[in-house]
């Protein structure tokens, strides 16, 4: 998939779940800064936590992202970090983001559905090149956490530190063991 | 399953998702007109679209159904076509339909849960004979769309035309490629 | 407020609550047909009924509108009549309507908020001239119903008939007498 | 309003908000036991608390009701006490209660809207005679609480005790002073 | 997992779905009474019914539990039986229960997620020993019901009787046969 | 009302609706920085806009706050600015904020209900002295906007500029003219 990028943007929307933030996200953020002045990091599924695919609360994810941006030397004044609860209504999702977020003029994603929804609302879309190694995936990192493998090197040190502070690995394990309430 | 049909009905409720409307639905509609004066086509899961099982919006499905009914020569004045968002509350679903729809005196469905819910609220149920060939299934048609097989012959020409106008096949493919937002 | 109307439209959206449909609405509908081929009548606050400002269910209102359109000699095949539950989220209301309804290219309303929301989403707006006499207002008609005055002449005969069939006046009175559940 | 009461009922539904339970409710409960074997006390607006019209949580109201029934010498095994969140959808409210509550065969209320909704779903309705003195009203009791007047004699001693334990009067005052968050 | 139980509790919360109540639950209830004066039985997923994992309504489950407690000789005045609709928001679930239920000072569960959520809100947790034979599981009982095996001996007689009265087995079968509405 | 402030806090929560941000808020923010290292500005009623009491979207309010903080010379790295949709459930509102926001150890408000809810969850509360002149109130500023009086001096220049850019005064007027959809 190739996207011609035409101009410099005022604000680029970068939606994700960030369960947790990892170096793949950091690479994308660096890349985006070549094309836009400000970045809106929209933390999706903000209402979800304590689930095997969504272990961390929106508040925890917000702190992780902020601490990692500082640690990596980014200028915080270029970023908006905003939790966004799901609406489960794809066709109005972009309008919903428009109401909750500062105006943006481009959307950055590799997710085909996000790309489609953004284009149907006439947004420019930035698709980051796949320089991110395949290990940089929230799902794979959560799997390593669950199986007792090393996961710390895939996330910024501040993210690893926060996950430990909140007993995040044990929470993930407990979430994974839970069948639905019987 | 056998249902004795006792009388002529004023209005028959025909609930479905119509993702998309196909000739199986058309056959059922023809059959229903033997038993009732007016038909309410309730488009379920109205809030869903851009998903692999629910690619089209309620508005798009409403246009497809209306154009197909015209094309097939039905008298539009006998039909109510109504989008109905999900409530995720089975035991009050029939009451919910009663509030949103004109009064009806029978329900037409082959779905065992719909049949049960309707009967628990004391509605007569019409179960159409399975003359519809097994190809006439929304799931199978969406599968053909995804795999690049021919699908146009399973739906009325107007439905095929609208799907093409809205780039429906590409939308379905994009929806199928999307994992949850990562 | 003056709106220059530039062209003929394919489909005009006409949102309202229709509690109940009255001759003011009928006049607007006649007027709109000069400017558009099809009309979408969106029945707002579809989830509300049995309230002093919203006595009738969406299903009842849908039947009233349909019967009145027939009675007044309109061609039903030009109309979409669609119940729309409230979302209580003004800034995405137009997007929500876009998802539930067939595509429209103009909005008809005298309500300043509706006009604003439509224009912010770049729709053409048709503002009907105030030929409707001031008696033609849902609020005034409901008030007459409550105080025992004559109200029948403000609505098409079919609407009056349906209201009587469903004991609508008594329902309105009961709703008005009810404080919140104590 | 006169209601002929035809028979003995298995379970009578008694819906209210019980903000707080007062001797008027106790009188109605005594009266109802002449007509039915079991009583379902449905605590409406269960999600509301810390508001001037709804100061107490559903959990607090449940304890007040239970303690008062014990104190007044009622046989607890005849009562179901059930919190019911609002659905803001009048026409399906009775169906909603049917799904959350044990089956009931009559409804007890003086509220005209409740009476109407129950009758539209074909329930027998018991309208208690207005022996309750007019002071026995939640609204009047809350007003006395706010203005520093004596209120304790209008509620059973256990209710007064619980309200004091939870600093209920101060909570009511704080709620009344709060404009919407500015 | 071992939990040291320190004291006697005033009220122990026992959350579950009770689809249906079985002898495993009865054993846990007996065991809990060694540690607490009152038990709150919170019926989770109260809004769900007519589904293969959730066949019975909250009202039906409430009656089953109450009848079984009576039949087993428990003192009903020690129990609160309360339907609780899902909120799909794990991190505030305990607060939600606090608002709907009488105050409790311990939570009883074997579910790792429930245990974690309760502990994060600083509740004592009672984990019942696994004396319950593995057959005592709602899932296994529903499976037996579906496959025509004997299931009656796993539940108290009153529960079996109610399930038969409401044609529960046929409802479960119908629910299992239903694909999503097509 | 007097609150003894005991210590220095890590993060202070400052909830409001900010319709719009005015110099009263700025004064409170300056005052808070004497007591805490970081401030979380929670923008309440995030889903509301285009209403007479809530004219601006959460996204617009977020930009206003950010631009004003910059303009006033605050260090942006000390602030979290977060939109928070209403939940209409007072007793769990604080838990809801805990899930969406970074951890906080004090709450700053003059609103008696907010103070009570925070204290019931054992938070320290900072009540700012009423140095803010009475003109500094969102309600009064919106009233001036509606009546054509001067309002610009009550808000930071960047806020006034943004309101003009988005035609905010006209939007407020349109919202005020709108009865409910008739």
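Side notes on the structure shown:
The chains carry the letters A, B, C, D, E and F, assigned in the order they are written, with residues numbered from 1 in each.
To be clear about the criterion, a residue touches a chain if its C-beta (ideal position, glycine included) is under 8 Å from a C-beta of that chain, and two chains touch if they have at least 3 such contacts.
As the structure is a prediction and not an experimental result, all values here were calculated from the model.
The chains in contact with chain A as well as with chain C are B, F.
The rotation relating chain C to chain E, fitted on Cα atoms, amounts to 180°, rounded to the nearest 5. The chain pair with the larger count of C-beta pairs in contact, out of B-C and D-F, is B-C. The chain with its CA mean position farthest from that of chain C is E. The centroid of the Cα atoms in chain C and the matching centroid in chain F are 37 Å apart. Distance between chain centres (mean CA atoms), chain A to chain F: 27 Å. With touch defined as above, residues shared between interfaces to two or more other chains in chain C number as follows: 47, 49, 57, 89, 91, 98-99. Viewed as a network of touching protein chains, the structure does not reduce to a path, ring, star or complete graph. Interchain contacts (touch definition given at top) occur between A-B, A-C, A-E, A-F, B-C, B-D, B-E, C-D, C-F, D-E, D-F, E-F. Residue ranges on chain B touching chain A, taken from their complex, read 47-51, 57, 170-171, 173-175, 177-182. Contacts from chain F toward chain E in the complex involve residues 89, 91-92, 94-96, 98-99. The part of chain E that touches chain D in the complex is made up of residues 46-47, 49, 57-60, 62-63, 66, 70, 76-77, 80-83, 85, 98-103. Across the complex, chain E meets chain A through its residues 15-17, 44-45, 53, 88-91, 111-117, 137-139.
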